[in-house]
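Across the two complexes that follow, chain A remains constant while its partner is chain B and subsequently chain C.
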Partner chain A sequence: MSLRAAARAYPALLRTGFASAVAYRAEFLIWMFSTNMPLIMLALWAAVARSGPVGAYSERGFAAYYLCTLLVRLLTGSWVVWELTMEIRQGVLAMRLLRPIHPLVAYSAENLAAVPLRGMVALPVVCILMWSVRGQLGHDPFLWIMLPPALFGAWLLTFLVMALIGTLALYFESATSIFEAWLGVSAVLSGYLVPLDLFPQAVQRIALFLPFRFLLSFPVELMLGKHGAQHALALLGAQWLYVAAALLATNLVWRAGLRRYAAYGG
Partner chain B sequence: MRRALAIVRAQLRASVALALQYRLEFLVEGALAILWIAATLVPVLVVFGIRDAVVGWTFPEMLLVLGWFVALKGVLEGAVSPSLTTVIEHVRTGTLDFVLLKPADAQLLVSVAKLEPWRIVDLAGAGVIFAYAFGKLGRAPTAGEVLAAGAMLVGALLVLYSIAILVVSIAFFAVRVDNLLYLFQSVFDVARWPSTIFRGFLAVLFTYVLPLALMTTYPALALLGRLRLGTALGALAGTVAFAAFARAVWTLSIRKYTSASS
Partner chain C sequence: MIEVDRLHKSYFVHRRDPGLRAALRSLWHRPREEVKAVDGVTFRVGAAERVGFLGPNGAGKTTTLKVLSGLLHPTSGQVSVAGHTPQDRSREFLQQITLVMGQKQQLLWDLPPSETFLLNRAIYDIPRPQYQETVAELTELLGLRGLLDKPTRQLSLGERMKCELAVALLHRPRILFLDEPTIGLDVTMQATVHGFVRAYNERFGATVLLTSHYMDDVAALCPRVLVIDHGHLIYDGSLDELVRRVRPDKRVLLKLSRPVEARDLQKIGGIVSHTDAQAVLQVSQSELQTAVQRALAQLPVIDLTIEDPPLEEVMRELFERGVSEGAA
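Moving on to the complex of A and B:
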C-alpha cells in the first residue's frame, strides 16, 4: 500500500467514521458521560483546598486543572485496543487485511473521526466552566499555539500504544489485560488522578520522564501555563520522540505478528 | 423460600465452575484487581501526605470509607454487573424468552447468572485496608459496631443491586443503549469519598437521589461508632422502599417485553 493511496482514501474514511459516530449518538453520549473521574477527583481536592491552598493549587486552581484534564481526556480518547483484540479473536481482521489500505490506518481514521463530535458536545460545557476559572489559565500565547500539536501528539501516542498492545493479541490472548495494567499505571503517572507536581519528589522525577505524562499531563500543563516557552518546546520534542518510537514499535510488532496470524473463524 | 435458596446455590455453583475453567485469567485478573486497589489508594495517600484531616476525616477514618468502596466495587463489578449485562444481551437477542419460561422467578435467575470469582481479591483487599486502618486507630471495633456496620452493608448492597436493576430495566424500553450499566459503574466511583466531601447540589444528589455516598459512608461511620440509631433506621427504611420500587419497575418492564426473536 502506498502512502499516497492512504492519503487519498483518508478523507473518505474520516467522513464514514464521523457518520457512524453520529448514527450511534446515544451510546456515544453515554461513553462520554462515563468519563467522570476528573470531576470525582476535583471533589476531593476542592474539599482539601477549602482550608487553604495545596502546593501551587487553590480551590480554583484545582478546578482549572481537572477541567483541563477532562477536556484533554475527551479529545484524545481512543478505543482501538478493544476493537482490534476483538476482531483478531473473531477473525474479522481477515476482511480488513483484504482491503487495499493498512488496517491500522483505517482504525486511526475511525478513531480520529469521533474527536470532532466529542469536541462539539464537550466544548460548550467546558468553555463555560473554563470561563469561570479563566484567571488560572496560562497567559503566554506561545504555549497556546503549541497546544494543538501537543494535543495531536497525545492523541497519536494514545492511539499507537492502544494499537501496539492490541496487536499483541496476535501473539497471546490476554492482550486486554496488559492494556488494563497500562491503564492503571497510566491513571497514576499521567496526572489523571493527581497533579504530578503534588507527588513526592522521587515519584515526580520518574513520572516526568516516562511516556505517561505526554498522554495527558503535558497538554494540561500547557493550558495552565506552567512552563516557559523554551522548556515547553523541548517537552513537545520529547513527546513527538515518544510518538515516533511508538510508531516504530507498532510497525515492527504488527509485521512480525501478521506472519503468525491464522484467521480464526474466517 | 427454600426453593429460591436452592436455585441461588445451583446458579452460583454453575457460574463459579464456569469461571474457574479459565485459571490463568483468574491469576491475571486477580493481579489487576490489586493494581486497581493501589491506584484507588494513591490520591488518598497523596492528600494525607499533605494534610492531617479532610473535612473532619482523618487518614484511618477515610481508609474505612475506601475499604467499603473497594468491597462494594468488587461486588458490583464481580457479581451484579456481569449478571445483569447478560439480561441486556438477552433482551437484545430475544433469548430472554428462555429465562422467562423457566418455572422460577426471572429476576432471581438473571441476578446470579454470571460471576467473576477473582473479584474476591477486592474483598480481601478491603479486609487488609480495614485491618490497617484499625491498627492506625489503635483499637478494634466493638461487636455492636460491627453488627451495625453489617446491617448498613446489607442495606448498601440492596441499594446497589436495586439501582442496577433499574438501569437494566431501561434496556426493555431502549434496546440500543447497552452501555448504561457501564455508565453506572463509572458513576459509582463517587462512593469512594465520604458524603461530606460534596457540597450544595452534589451533596443533595448523592445523599437523597442517588444515595451513593451513603453506601460507603454509613457503614464506615457505624464501624467508628458514630452513626446515630435514628439515622441508621431511616437509611434502612429508605433502602427497603427503594428495593420495593426497583422490584416494581422490573415487573412492569418484564410485562412490556415483546420477544425480539419470534
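Moving on to the complex of A and C:
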C-alpha cells in the first residue's frame, strides 16, 4: 500500500470515523464517562494528603496530577484491540483486507476521529477543573510546546500496542486476555493509578525505562513541569523510539499473521 | 485472466470430544487434524467469462474464492489473477477485483450507504466525474433511488444487498468474485441481481466467478461451471453438458384431459409424479421420440413439454455418485 494513497484517503477515513462516533454518541459518552479511575484515585489520595503531603504531592498536587492524567487518558484512548480481535474471530477483517488501504491505517483513522468529539465533551470540564489547580502546572513554555507531540506519541504508542496485541488473534484464538494482562501492568507502571515518583526507587528505575511511562505519565510530567527542557527533549526522543519499535513490531507480526489468516465464515 | 495451477489449501483443526474430562485433557493435549479444503485444483478463466462454482457445503468453493481474492495464502500451487499474485495484495491488484459475500458486508452499519460510497471513492481514488457517472449508472441499474441516504441498518435485506453490490462495483473492478450473492433474497430480487451482474459483465467486459446454492443463479448467469467436491475439481464445462452427462434422461410433462392409470404411463416411461390432471415421466434420450409419439397416440394429452431434470436433482445425483464416477 503506498503511503501517498493512504494520505489521500485519510481525510475521508477521518470524516467517516467522526460520523460513526457521532452515530454511536450515547455509547461513546458512557464509555467516556466510565474513564473515571483518575477521579477515584484523586479522591483517595486527596484524603490521604489532607493530613500532610505524600512525597512531593500536596492535596492540590494530587488534584493537578490526576486531572492531567484524566485529560491525557481521554485524548489518547483507543479501542482497536477489541475491534481487531472481534473482526479477526468473526472473519469481518476480510472486508477490510479487500480494500487497497492497510486495515491498520483505517483503524487508526477511526480511533483518531473520535478524539475531537471526546475533546468537545471533556475539554471544557477538565479545563475548568484544571484552572482551579493552575498554580501546580508547569510554567516552562518549551514543555508546553512539547506537549502536542508527546500526546500524539502517547496516542500512537497506545494504538500500536493495542494493534500489536490485537493482531495476536491471528495466532491465538483470542488476544484480549493478553491485553488484560498488559492493561494490569500498564495501570501501575504508566502512572495511571499512582504517580511514578511515589514508588520505591528500585521500581521507579525500572518504570522509567519501560514503555508504559510514555503512554501516560510522560505527557502528565510535561504538564506539571517536572523536567528541564533538555531532559524532556531526551524523553520525547525515547518515546518516539518506542513508537518506531512498536510500528516495526506490529508490522512484522501483522505480515506473518496474515499468512495464517483463515477468514472464517461466509 | 485467472490461472490456477495445482492449488492446495489446508487448515489444521483441533479435535475435542464433548464433556468435562475431554475439556481438561485438552489443556495439555489437543489433537489436531489437517483438513484439505482445496486439493490440487487447476483451471483457467478468460476475460469477460461468467463462471459458476458449484459444490456442496465445505467443498472448497469459498476457500478458492478467498485465495483468488488474496484473503488466504495458498498452502501450495500457483495462482495468478490479472497478472498478479493475489496474496501479495498489491494496490494494483485490489483495484481490479471485488469480492461480494452474501453473508458479510462492507457498508457501515449505522451510516447511510452514501457515506461508504464516499469512503470508497477516496480509498480507490476514483476521479469525481467517473464516480458521479458510476453512481448514476448503478442507481439506475439497481434501483437505488431513495436508499442511499437511509442508515444501512434500516434497509431491508434486499435493499442492503443491492447497495452492497453497488459499493463493491464503484471502482469498476475487472474481476468479480461473488460468493452467495443472492442468499436470503426473494425471487424478484434474485432476478434483479442476475440482470445486473449480466449487464455489468457485458458493459465492462468483466470476468465473473460465482458461487451459489441457488441453481437458478448459476443457470441464469453462467454458461460455464466448475464443480468442486471435497476439494477436488470434478467437472469443468458447460452447464448443459453437465446435465446431459449426469442425467441424460429427459422429463416429459403431460397435461391430461382426464385421469389415466399408472400402468398406462409406465408403458411410456418412468413415473416421476402423477395426478389426475398431469403426469411427469422420465424418458431416456434415445427413447424420447418413440415415447412422445406413444403418449400423443395413447393418452388424452392436451399439452406436452420436454424438459431437462431440475438442476438441484442433477447436482444431488452428481455428489451422491461421488468423485470417481462424477461427471466422467
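One rule holds for everything that comes next: the second predicted complex is superposed on the first by the 265 of 266 C-alpha atoms of A that agree within 3 Å, B and C clash if a C-alpha of one lies under 4 Å from a C-alpha of the other, contacts with A are read in each partner's own complex, and residues count from 1 in each chain.
Here is the rule we go by: a contact is a pair of C-beta atoms (placed from the backbone, for glycine too) under 8 Å apart; a residue touches a chain by one contact, two chains touch by 3 or more.
Keep in mind the model is a prediction, meaning the values are calculated, not measured.
With chain A as the common reference, the superposed partners chain B and chain C fit together side by side.
When the shared chain is aligned, chain C comes close enough to touch A:A12, but chain B does not. Of the two partner chains placed around the shared chain by superposition, neither chain B nor chain C is touched by A:G237.
After overlaying the two complexes on the shared chain, residue contacts for A:E27 are found with chain B alone; chain C is out of touch. In the superposition on chain A, A:P53 makes contact with neither chain B nor chain C. Contacts of A:A181 after superposition on the shared chain: chain B is touched, whereas chain C is not. By the touch criterion defined above, A:S2 lies against chain C but remains apart from chain B after alignment on the C-alpha atoms of chain A. Once chain A of one complex is fitted onto chain A of the other, the partner contacts of A:I40 are limited to chain B, with no touch recorded for chain C.
Superposition on the common chain A brings chain B within a closest Cα-Cα distance of 6 Å of chain C. For the contact definition in use here, the residues of chain A common to its chain B contact set and its chain C contact set are 24. Contact residues of chain A toward chain C in the complex are 1-2, 5, 8-9, 11-13, 15-16, 19-20, 23-24, 91-92, 94-95, 97-101, 258-259, 261-263, 265-266. Across the interface of their complex, chain A is touched by residues 24-25, 28-29, 31-32, 35-36, 38-39, 42-43, 46-47, 49-51, 54-55, 174, 176-180, 182-183, 185-187, 189-190, 192-193, 197-199, 202 of chain B.
Every residue of chain C that touches chain A in the complex is listed here, in rising order: 11, 62, 66, 69-73, 89, 91, 94-95, 97-99, 101-106, 108, 110-111, 115-116, 118-125, 151, 179-180.
Listing the residues of chain A that touch chain B in their complex gives 24, 26-27, 30-31, 33-37, 40-41, 43-45, 47-48, 50-51, 54-55, 174, 177, 180-181, 184-185, 187-188, 193-194, 198-200.
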